[in-house]
Every structure is written in C-alpha cells, then in structure tokens.
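These notes are about the structure you will find just below.
By letter and in written order, the chains are A, B, C, D and E; residue numbering begins at 1 in each of them.
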C-alpha cells in the first residue's frame, strides 16, 4: 500500500482530533472546540494528515478540502461513558470516506476486551474494502478491559504492534510506554507495517520533544498528536519543534 | 443539509408527540390522547414540525398532510417498562418515512448505555440513508444507564451535543440542565450542528418562558416541546407566548 | 388497511388455536387436540377468522380452504418451557402466509421483556411487508418479564393498546383486566387501531357473556377466543350466544 | 410432503449415526468407528434411511450412493462438551444436502433451552427451503436446559410432538418415556405429522423388542435407531427382529 | 479433496507461524520475529506448507511466492489477552486467500467453549466456500473453556479428531497427549479425514523426534510445527532430522 499521500519522506505527523467523541468536550476550550481552529493548525503547520470522525468530515468538508491537508477518517468510535468492557463499532463506511475525500481511514481495536473478536472481524471487512479502494488503513491497537489489568506494558506494546501486522494494517498507532528499548522491539515486531505513536495527554515541551526523538530513533515513522498541539498556547511553535525532530 | 422545511428564519419549534410509546398513555387525558387534537394544535399554532412514530404517521396520514405541518418521524422507540440498560431500535425505515411524506427523521441514542454501540451504529446507517434521500436527521442524545449515574449534568449536556456533531446529525435534541452558561458551552460544542431543547415535564408558564428565552440566547435554534403545550389548558395561548420569545 | 375480510359489520370473532405451541397439549383433550375439530367449529360457527401457526396452516390447508374461514397465521411463537425473559421470534414469513391463503397475519410482542427491542424491530419488518402485500396485521401485546411485576394492570392494558397504535398495527389483541372503565380508556388510547380481547382461560358461561358485553360496549371490535369455545361441551351453543351479544 | 423415499408401507426404520459429533467416539469400538461398517449394516439390513452429518456424507458419498440407502443429513449439531444451555446451529445447507443426494434432512431443537428461539427460527428457514426443494424435514425435539428440570416426562413428550406439528415438520423424532398410553397421546398431539422414536442407549434385546411393539401400536411410524443396532454383536440379527415387529 | 499441493508422498510437514497473533511476540527473538526468516527456513527446509495470517500473507506476498512454499492461510485468530471463554472469528475470506495464492486454508474451533456453536457454523460456511474454490481446509480442533477442565485428554483428543470428520474438514490439526495408543484411536476416529499434530512448545530434540516417530506410526500424516523449528539454534538441522523420520 502506497503511503505517499499521508507521509513526507517516509515520515508522518498526524493531527488527531477524535477526542470530541472519545472523551467529550472536556478536553476543549473556547478556541479548540472549533474544528476550524484545528484545520487551521493542520494547514499552517503542514501536518501530513488530520484525523476526524465522519460528522466533522462532512460538516467542515469545504474547509478541509480548501486546507489541502490529507483527511484521515476514523471509522469507529464510542463515548467514554460506559464503564464495562470496551467496544467501538463502525460508524462510517469506506465508501462514505472516499466520497468525503479521505486519503486514509482509521479503526480502533481494544485487544483483550470481551469484544475483541467483534472489532477484529469488523476491522478485516474494512481493511479489505479500503484496499479495494486503494486507501491505506491505520489501526489504533489499545489493550483494554479487565483481562489486561496488571499485564506488562512492554509486552502489551509489542503485542499491539504485532497484531497490526498480522491483521493487515498499513500503519499501527500505539501508545508509548516511555522505554525506547521496548519501543524498538515493538516496532520490529510490526515487520513491514509502519508504526506511529499516540501523543496522549499534554506533557511539558521538553518531555514531549525527548519522546519524539526516541520515537523516531526507534524506527517508528512518526506521531498522531492532538492535545499536545491544540491545547498548547502556541500550537504552531510546538509543531515546528516536533517537525524539526522528525524531519531534521 | 438544508433545514428550511423544518425551520422558520433559522429557528425551530417542534411539537413532540412520541410519548405514547415512550411513557404510555399516562401522559394523556381524554383530549390529548387523540392524535387529531395534536395535529390541530400544530396546524393552528403553526409549529415548524410535528414529531410522530410511524404508526400515527400512517393511520393519521391524511390529517397530517392536510394540516401542512412538516412531519418528523421518530425512527426508533421503546416502552419505559424494561428496567435494565436502555436500548431503542429502529422501527421505521427512511424509505417508509419518505413515502409517508416526512420532512425529517429522528433517532434516539442513549449514550453511556451498555447498548450505546448498537444505537450509534444503527444511527449511522440511518444518517447515510437519510442524507442520500435529502432528509435532515435529528438525533435525541440522552445520557442513560448505570454508568452515567452521578456524573455532572453540565458535562453530560455538552458531551451529548458533541456526540451529535461527531456522528453527523443535522440537529441535536438534548435536555437542558437549567444553567444558561452551561448551555452556551454545549451549543458551542455542537459546532455547525444545530441544537434544540426538549421541553420535558410540565412546568408553570413563567418558568417555561424564562427557559425558552435562555435557550434562544444560548445559540440553540429552538425547542421540541410536547407536554408543556398539549397538557396545557389552552395550548394555543402558551404556544403564542413561546413563539413570541423565539421569533419576537 | 381494509379489515373487511376478517370482520363482519365492523365486528370480529376469531377462533384462536395457537395454544399447542404456546402451552403444549395440556389444554387439549381427545377431541380438540385435532385441528379438524377446530376447523369444523369455526366453519359451522361462522367465525370471522381462525388463528393457526404455520405448521397447521400447511398440513391442514385443504381443510382450511374448504371451510372458507379466513385464515390468520401467527408468525411467531415459543413454548412456555423456558423460564427467563420471554422472547418469541418469527417462524413464518409473510410470503409463506400469502401462499397459504392467509387473510391476515399476527405477531406477539412481550413489552417490558429484556427482548422487547428485538420483537418490536422484527414486528416492524413484518408490518411493512404485510402492508406491501395488502394483509392486515394483528399484534398481540402482552406486558411480561421481571420488569413489569407489580405494575398496575389498568395502566399496562392501556399501554399495550397505545403501543399497538404507535407501531402501526391494524388490530391489537390484549388481555382484559375485567374493569369496563379501564377498557374504554385503553380502547381510546389505541386511536384508529382496532382492539380485540383475548378470551383467556375457561370461565363459566355467565361470566364470559358478561365480559363479551363489556368488551363490545367499550369500543373494542370483538374477541379472539379459544379455550372458552373449543373446551366447551357444546362449542356451537356458546358461540351462538357470544355472537348474539356481538352482532345482536 | 411425500415420505415414500424414506418409508416402506408407511413405516420407517432409520439407522442413526450422528453420535460421533454429539457424544464423541466413546460410543464406538474398532468396528463401528468406521462409517463403512454402518453403511454396510444399513444396506444389508435394508433400513429405510441412514442419518449422517455433512462430513461423513461427503467423505463417504460414493459408498453411500452405492449402497442405495436413502441418505438423511442432520443439518445441525454440537459436541456434548459445553455444559451450559444447549444450542445446536446449522452446519450444512439444504442446497448442499441436495447435492450430496439426500432424500431428507434433519434438525434438532432443544425446547426449553435459553436458545430455543434461535433454533426454532433457524429450523423454519430450513423447513421452507427444504419444502421448496421437495425434501421432507425431520425434527428432533428434545426438551433440555435448566428450565425443564423436574417437569413431567409425559407432558414433555406430548409437548415435543405438538411443537413438531405446529412448526411444520414432516416427521418428529422424540425420546420415549416407556409408557405406551402416554406415547399414544403424544402421537395424537402430532396430528398429521408423523412420529419416530429415538432408540437411545443400548438395552437388552427383549426390552428393546417390547418397546418397538409399543411404538408401532401407538401410531408412531417407526424408529431412528443407532447404538442398539451398531453396538450389537450381530447387528443384522437384531435388525431382522425389529423389522419383523414393524412390518410383520 | 486432492491434498497433493500440500503433501509429499501423502505426508505433510507444515511450518506454523501464526503465534504472533495468538501469543504475541513473546515467542520471538530478533531473528524469528522477521517473517522473512521463517520463509527462508520453509524454502530451504522444503516444508510442504507454511502457515500465516492474512496480514503477513499480504505484506510478504512477493517473498512467499518467490519461495514457492505452498501458502496455508489461517482464516481466524485472536489474541491470548482475553481471559473468558475462547472465541476466534473469521479475519480473512476464502476469496482473499485465493487471491493471495493460498494452496489451503485453516480455521480454529475451540470445542467445549461457550462459543463453540458460532465457530462450528462459521467453519461450515468457510468449508463450503473453500471446496467450491477447490481449496483443502484444515481445522485446528482444540478443546477449551471452563466446561472441559478435568476431562480425559485421551477422550478429548479422539473427540477432536471425530469432530473434524463429522464437519467435513480435509485435515485435522490436534494436540498430542503423548500416548501412542490413544493417538492411534484418535486417528482411526477421524476416518477418511487426515490428521496432523501440532508441534507445541519447544522440547529437546530427542523427545521431539521420538514423538514424530509415534505420530507417523499412528497413521497421522505429519506435523504442523513452529516453535520447535524456528526457535531452534539450527532450524534446518532439526528440520532435516524430522523429515528423515517422516519420509525415511
């Protein structure tokens, strides 16, 4: 699968903005609650992709197209309200994603959940359809649910990567445990499938840039970052610094 | 999505009458148990839409068409008898709604319920179909189930609005917690998706009109009101007063 | 929906015989265990419809057609053996019913059950298909399951009627709580949808005829009666008396 | 439905051999573990049908066809390992059965199980398809699961028969409780649907032949027998004696 | 079903490498984490088949084709994270397998699991499709779940084999309990369906080769071996010794 549309010199920096559905607007303030603010950051900061749910991709489609930032549509999602075993179901078809101008699609699988099997199977149908339509597919693989409590983060991180390879994802998005050696092993476990790291909750700049460096040195191709950019006082400045680490 | 058929100068006042399925006839008396009584209120009061389930839309179709009030068909529903986690499934297709002359369709999602995923997914299929047929879709987003007990109403109200935007609804119907500042934030969280407020249980006139004013000032486009109108001694008088607040 | 095929002067008297699946043969004796005995009662007694499951409708189709009694096929059913929340699934398609010569179809919904949503949704698909094929649909609405224990029978009876209207049934079959005033309210709650009353377990003749009179006076269009007729020593005599009350 | 292909003078003797899936090979020895041994008994003993799962019907198809014994394919099955409420799902389509040369098809329903509804519904789809293809359908009706514990075997036997009639089976296979009077009532409850009795675990010859006589006198059309024949030292001798009782 | 493409003189030696999904990369080291390392072992060692999930079959398709080792795609899979009753769902279609150049397909069924019925049914759909496309199907039959705890391994091994025959697999893959007499009985229970044995966790060479000899003497056609080969210091040497036992 050709990843040129969503990478630059083989590296990726995606601006993630699916938190509205996943966490609710508690992550937002008066500025970043507005998708147009996010689109502007992506455009000026020249991200290699921007991640939206279907609703925003539709209602702000004109603005997205005008920005020329490659659109990555998250095809499934859920709120964080339900407290049982996590399940996230398909909320947008590949066909709709194509019509909306998506350059790639994404899907989350909670491995270890009671509903792992349903998400794995739904993912596979989407993967097949996406490849038929020549779209790269990115899989968020997050170990979750009662069964994974207390398990080693090192092993879970590598397991997540390997799952992405085995099920045919083009890019795997995982959470980083902060140990560069572990990450190298995880990236190796992903074989020919590429790895990007989730930015996670907001950190101080120094810590963030150190992590970006570790990520790039591990063999991962980049980050899907959200709160660390659009919650920043000056999102374009931090973007610039991150890009410097990634592309030099 | 063009909302002209169910709004007037960008504002909306819908007469809701899906309580027969949702609560049973305990909400009704000898007068308002009759759908024709409701249709008459909507016609004379010039509501911008009337909300029925499929059964009433079929059996009273001639009367509805004659009234020229735009018909909004609720596509899912349930009784209030079952005491477990709430689930409400599709009971009418978009195709049937079109045949019955609907100007828009509606669907309820109980976020936080054990069955949230099923409703989100069913909604998306309906949304796609409705937009293909050029029908606006209104989503009732209600946080419900064991997992949401004790959560902040302020945050739930904003979360409900945001979910509506993320999943591609044209209008979101939510319950108002009574705090105008919170409502403004919720409306902002909905971005380009419009917000209408549920009327809820009957209040005294003064309180109701105060709330209508807060609603309109918040940026919401109007109300979907039921019991406060058709349980009133003089429904057309209260309607007149509400309209005055909305349209001036 | 035109109900002429299964009514006479707007009134209905259906002979119900789906107890074999619902209760087992404990309701039967050597005479009435035989479907031909039932068909004969219906024919000689000139019932306006006879209610069978698919199996009997097929195996005794020649006899049914010869009798010229309008056939009403119950499309779902279950045994009474399982002790959990009740669910009754579709066991015969509308297309099969048409081929078997049905004049109408029936379906049972247990409102309040954990599986209410599945039955409501299955009903709607059947309703749509039945109307497309010009067949009236009768819905048995029975409140059941742990959630309805201890609820007021008066309210449940009216709720059952209202559900029938809201979901688009042509006729609702309910159980009568024995209070004529409550029944009037229930019938009123059904709006344009017609109401028939289930005969229930065998009563003495006097009590039965008193109930028939109350039923007719309430605005209901008639009864779906089984055990009170075919368990009677002289089924045609009691039929004659019932008809006298209904049609005068 | 014409039953001539699997009966002789209106009577039936089926050789059942679906125990490999249902119980595992513990029922077998070095001789009868081999399907060819069973086919030979059926051929020489001139059974009116032989019951196999799809796997054996495929792998031994040449031998089955050569034997000219009518093939009855069991369309569903399960192991006896899982200890919860029983469910047995379709494992072979009617279309496959036709291609394999089946003269009839079979299906098991565990009435009273938590999954009764799923099996009833799956049966109906199969029944419709089988009749469209002109194949008789035999239903194994076995009351099972926590809900039937302690219930009267007499009533369950009659209920099983009645279910077979109500859902449209051509032949019902039940287990015999050993009381001839109860069996007569059960057969009567089946109406026009024919009844065959399961042979069950191995008995001494005298007891077995006494039961065969009771079965035939009850109005049932015969037996589906397995272990009592192919576990016997001399299967053809016992077969001969059984046939003598059935056909005289 | 012709097995020539994945056997040599009627015997089979498959290199299994689906552990990445089933166990995570904990089974791997820096060398064998790379699918190309495995492909090389298979090519030089002349295995009669190599077992991959869809993801690896796609991303390493060129290398696999170049190696000319027959590709066997495992069509279902799961992680080992979830701790409840095991279920493994289809993650690749037969059609995709054909496009990827598969010579056969595989599927795992956990008999005794709460979800046994779902896997049996999914298997059957795959079996039908595979045979239509002329592909042999291998079934992994593993007794698992709470219900099988404490059961005799001898009986479970034979039961697993018999299930494979009854459901129409061409080859059954089982785990060996280490008792040659038990294995002979298990192989006999499989009838015309062939048996291969899973290699399991790494053993010392002597023990392994003794088991291979027992396996071949039992009538099984070979092994599907993974860790005992690719975790070995010198995989080609152990392969050579295994092949010597199998083919002499």
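By our rule, contacts are C-beta pairs under 8 Å (C-beta built on N, C-alpha and C of every residue); 3 or more make two chains touch, one makes a residue touch a chain.
Note that the coordinates shown come from a computational prediction; the quantities given were computed from them, not determined experimentally.
Q: In how few steps can one go from chain A to chain D if every step must land on a touching chain?
A: When the steps are counted carefully, the minimum from chain A to chain D is 2.
Q: Touching both chain C and chain E: give me those chains, sorted by label.
A: Touches both chain C and chain E: D.
Q: Could you tell me the distance, in whole angstrom, between the mean C-alpha positions of chain B and chain E?
A: 56
Q: Can you compute the centre-to-centre distance for chain B and chain C, using the mean CA position of each chain? Integer Å is fine.
A: 34
Q: Which positions in chain A touch two or more other chains at once?
A: Nothing qualifies.
Q: Can you tell me, using the touch rule above, whether these chains form a line, ring, star, complete graph or other shape?
A: ring
Q: So in the complex, the part of chain D that touches chain E is made up of which residues?
A: For this pair, the touching residues of chain D are 18, 20-21, 24-26, 28, 30, 33-35, 53-56, 58-60, 77-79, 81-84, 87-93, 96.
Q: Along chain E, where are the residues that touch chain D in the complex?
A: The touching residues are 111-114, 116-118, 120-121, 124, 128, 143, 145-148, 151, 155, 158-159, 161-169, 185, 188-189, 191-193.
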